[in-house]
């Protein structure tokens, strides 16, 4: 029985803003290296960087009916996450659906399948991360589910989880952890900033991270090429 | 015995122009979802959009001799379609062949294999859709065939068929159907344009496509998250 | 026992400059079609073109400790080549390491694995060719080797070999052959330039390469379409 | 901080036995088409069919230390599920670990990575489903986690969930649903058995499933080839 | 509008028998290296070898309704060829459909998608060549077409064409050419048989094919290792 | 200029026999985890296990002429290693060439490309490790090289190097290191044998490898599920 879950909880906008500012690599580290989607999901244009609460949508292979249902559940600032129940590269999404989402203020689409009309999507600056670009459209015969838990590109997504997406890929932060991970990402970014200045000044990671002693203990030896 | 078929029939230029204007996704739908090449064929630069009659060229793996033969059969407005007889990612095509085709007014290349010199091709704005970018060049030992039926990335191409290619991929329209498909694409685009305005105004696909009743018949239920 | 080879020999800068000027496709041909890395290595931005002596770095899967060690061995003009001991798409390299390399004048990175922070790398214009873009970072538990022979994307690289990399991919020229290959590439480019002018003037490859007689000997026949 | 969860709950053995009897395809259907791992996981020998409670093990890329920890948590009848934190095809598991598991009565291994010694594993009849066969061994530097939730080949696995695995692949049934799914699988298998007899007698699916009317309503037409 | 073409023409049984006897590699050569399906199609058990007229079936992604329709069009000796309209690895086919086909004397299945129940199919000795083994079943919402031209794994198949399939893969011989290709395959196999005896006696291909002179003309040189 | 290197040096037969006895996984470890070919090379039948000196053969894509040349350089006990200059899955090798090699006592074939006639090869028990099974044959237009250094599936092979191949894949041992690696493999196998007995007796790797203290130092904690 197809289900649409409505009135979902959403994370604190301040936490979402912080996560968006830091981007995927930092957020993924700050979260203890969890929640990363597979490297096969790529953005259709670059540079690009967004974050927002997930509206999830589970679709059958080759059928995008449920996406129309999901649009109605989207609010300004949300990110739509679409995942087919079995691997499929059909073009589930094109410029009409993007127009509809953009009219509601939706920030972007994550889809573990194909998209089309990417020239128009790029010109509209509507961000999309997808498995494939493929012009084959979908039918509308079988409804899917909206705002249920979905598996997307190797990650679990629940409605309201924060999706962070940029040129490096896509990461999911559980709703309940959004503020905590945002705080950790702030701290991490600050210490990275300090290190960046030292790197710019020509200091080496060997010294910044105090590695020389540990490497010697591991038995690392230096030999001149002419002595090899 | 290698064969070159000359003096091929070409489609009505007005139909070609209409197909080019509508692009791959619309043409593919208008044609009843036929003729799409595989998603693995990607353009070397974007945005890009062309259409034109196919000159076909079948080559052995690693041997591009037949492409030189095919060039002579190309006229202004044509699109060259090259397919190896077995999968091969060698760089069959580079800036010299592109210079030769551009001098004849050829609009682009579709190749189910590799290309090289893509920095130069991009600067020349010579459109190419390929399976791979790979610098390994070809030999010229074994002639192939020109203007025979070829299989290219999962689609059948006959000489004179219209190739439509853009950021979404590549679609083939049989010569005999070019005018009919162009007319259907015109109609489809017009009705899409009307719908786009409605989407921009914030109407939902659920209402535009009159889906609510059908979804209810399929048993779709709405539940508040707190009631799940 | 992890090893760092220091004070490596480097090629003549004039040869490196010539190889950089000609690019991957020409250098690969000039070298007798040897030394090409696999087509799966792609640049993170385009257009891009570099050449320089290789500093090699062999890393365990998921561990980038040795890259910090390798940085110290890099001089201005070098290219860092990183290869994991087994296939791995983790993000071994990001903007901090790039800042460190750029501070030393390193020209770019070739990595048979994943990278991250590609928006920052692109903005810094630090060239990278990689197998994947993936935000998952590495640990620093197990040292690797620096300036030993490595296998990278199907090519053998020794420290000091010239890496030539551009939009078409990556090619390796052994240190001892750099000058000879550079000279051959010069000659090849000169003759290509002459041919380019002929192609621009509308001459055909069939005539420029004197192919018609040979094709006839191979049995190639021309048939009008209406006579098929 | 690496964690080992001990004294996990396990499902009712009768439910496990029923799930094993029905196999992956039937269990997956009975469970509402949930819980299937990706098609890339294949058994090292066939035919093979097992089911049992999952002991889960999360390992870093290229490091199998945690598997030794996990072995101690395994009881007779369990199935060990190993998943690396990023994609890795190293051979995490060979005949010594299999000997250890077999000595404890463990029924098999599901691993989203590589295995080795498959000739010995096959001779021992120790069932393994893996992504790859690859002889490269692992290091033991970084501990992982045992009996935490893991993602394995696109499915979520919690300790104690029932793993059902056979020639068709691998399916996960949550511990809390084991008995319910087993009952549904029983019912499904019974009705399939009735249909099998009808199919053996030459009846058609068109009649067994009463499809002719519905197909006619969908507009299906029959045309003799000579009338096309 | 979904279509079923009935009363198709079938090839001469003697030609089919000859093609089956010679197998894929010989038939493919005898046919001028045409008609081979992609290497990604593999048999579910080996050794296996069949040939027969194709009944074709085009299905939507994830929907196997049309296969039930196709079964009724199959006669003893036929081979069912199923191809989805876009790439899909769902398990379209299992032991019930195989029971139905086997009851009608159908010789096997070629499917450019997934299958399931392969332990049962193997025990029944019902031959299947597929892209994937995957337990996820299909829905029955959208009818496809039966006995229309289909593209399957890179080859064109028309109803009544001869499918030849064995351990090496799958090849298609057009109905109109079946007798001619069978005759060529007979001749080819006879001359191969003569050569096999010479190879068994220790003669070299260099002499059997009279290659030494041609290799010398190509400039091949022999050098002792100690003189390199 | 195509080259055939003759009269190559071969390793000590006793070392080859020892390497064959221990198999790929043990030899790879004994050699310091070097020389492994990619996991994509798979044997056409199992179980299988061979070792022998390499005769190397470099071929153009789609052209197997050089294999006939290489056969003449093969002696009893050798292993033929064939690698195309660019990726190619054509069937370079079938039952006639296998008959020729078997008549000379050659132990098997390693090929970074496709093979065909695998039913016959399996019945002859002629071992082959290949990238693909594909019936498309080759032409004989361009000679390759025999007994030069080749790159094969990510490994460097020189003529006379020992090829060790079994169900787990393929490993290369340099000629000069054959005896040393064989001795290390003997030692490794002996200590493995002792451990196997302990594992059979139910001892845990945690104790056999004395891991408990080290894991505690890494901070590993044990928690009962009910206390999580």
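Chains here go by letter, A, B, C, D, E and F, matching the order in which they are written, and residues are numbered from 1 within each.
We adopt the following convention: a residue touches a chain if its C-beta (ideal position, glycine included) is under 8 Å from a C-beta of that chain, and two chains touch if they have at least 3 such contacts.
Given the structure is predicted, the values throughout are model-derived calculations rather than measurements.
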Key: Type of chain A:chain D copy interface by residue overlap (half), same or different   = same
Key: Whole-Å separation of chain centres (CA-atom averages), chain B against chain F   = 42
Task = Return the distance between the CA-based centres of chain C and chain F, expressed in whole Å.
result = 28
Request  = Please report how many Å separate the Cα centroid of chain B from that of chain D, as a whole number.
outcome  = 41
Ask   = From the C-alpha centre of chain A to that of chain C, how far is it in Å?
value = 30
Note = Touching at least 2 other chains, the residues of chain B are 33, 85, 87, 89, 134, 136, 142
Pairs of chains found to touch, sorted by chain label = A-B, A-C, A-D, A-E, B-C, B-E, B-F, C-D, C-F, D-E, D-F, E-F
Residues of chain E defined as touching chain A within the complex = 60-63, 85-90, 134, 136, 139, 141-142
Query = Inside the complex, what are the residues of chain D that reach chain F?
reply = 1-9, 65, 67-69, 71-72, 89, 91, 94-97, 99-100, 103-104, 114, 116-119, 122-123, 132-137, 140, 142-143, 147, 159
Inquiry  = Could you list, by residue number, the parts of chain D that touch chain E in their complex?
reply    = 23-25, 28-29, 33, 36, 39, 42, 46-47, 49, 166-169, 171, 192, 195-196, 199-202, 204-206, 209, 211, 215, 218-226, 228
Remark   = The chain A residues in contact with chain D across the complex are 33, 38, 85, 87, 151, 154-156
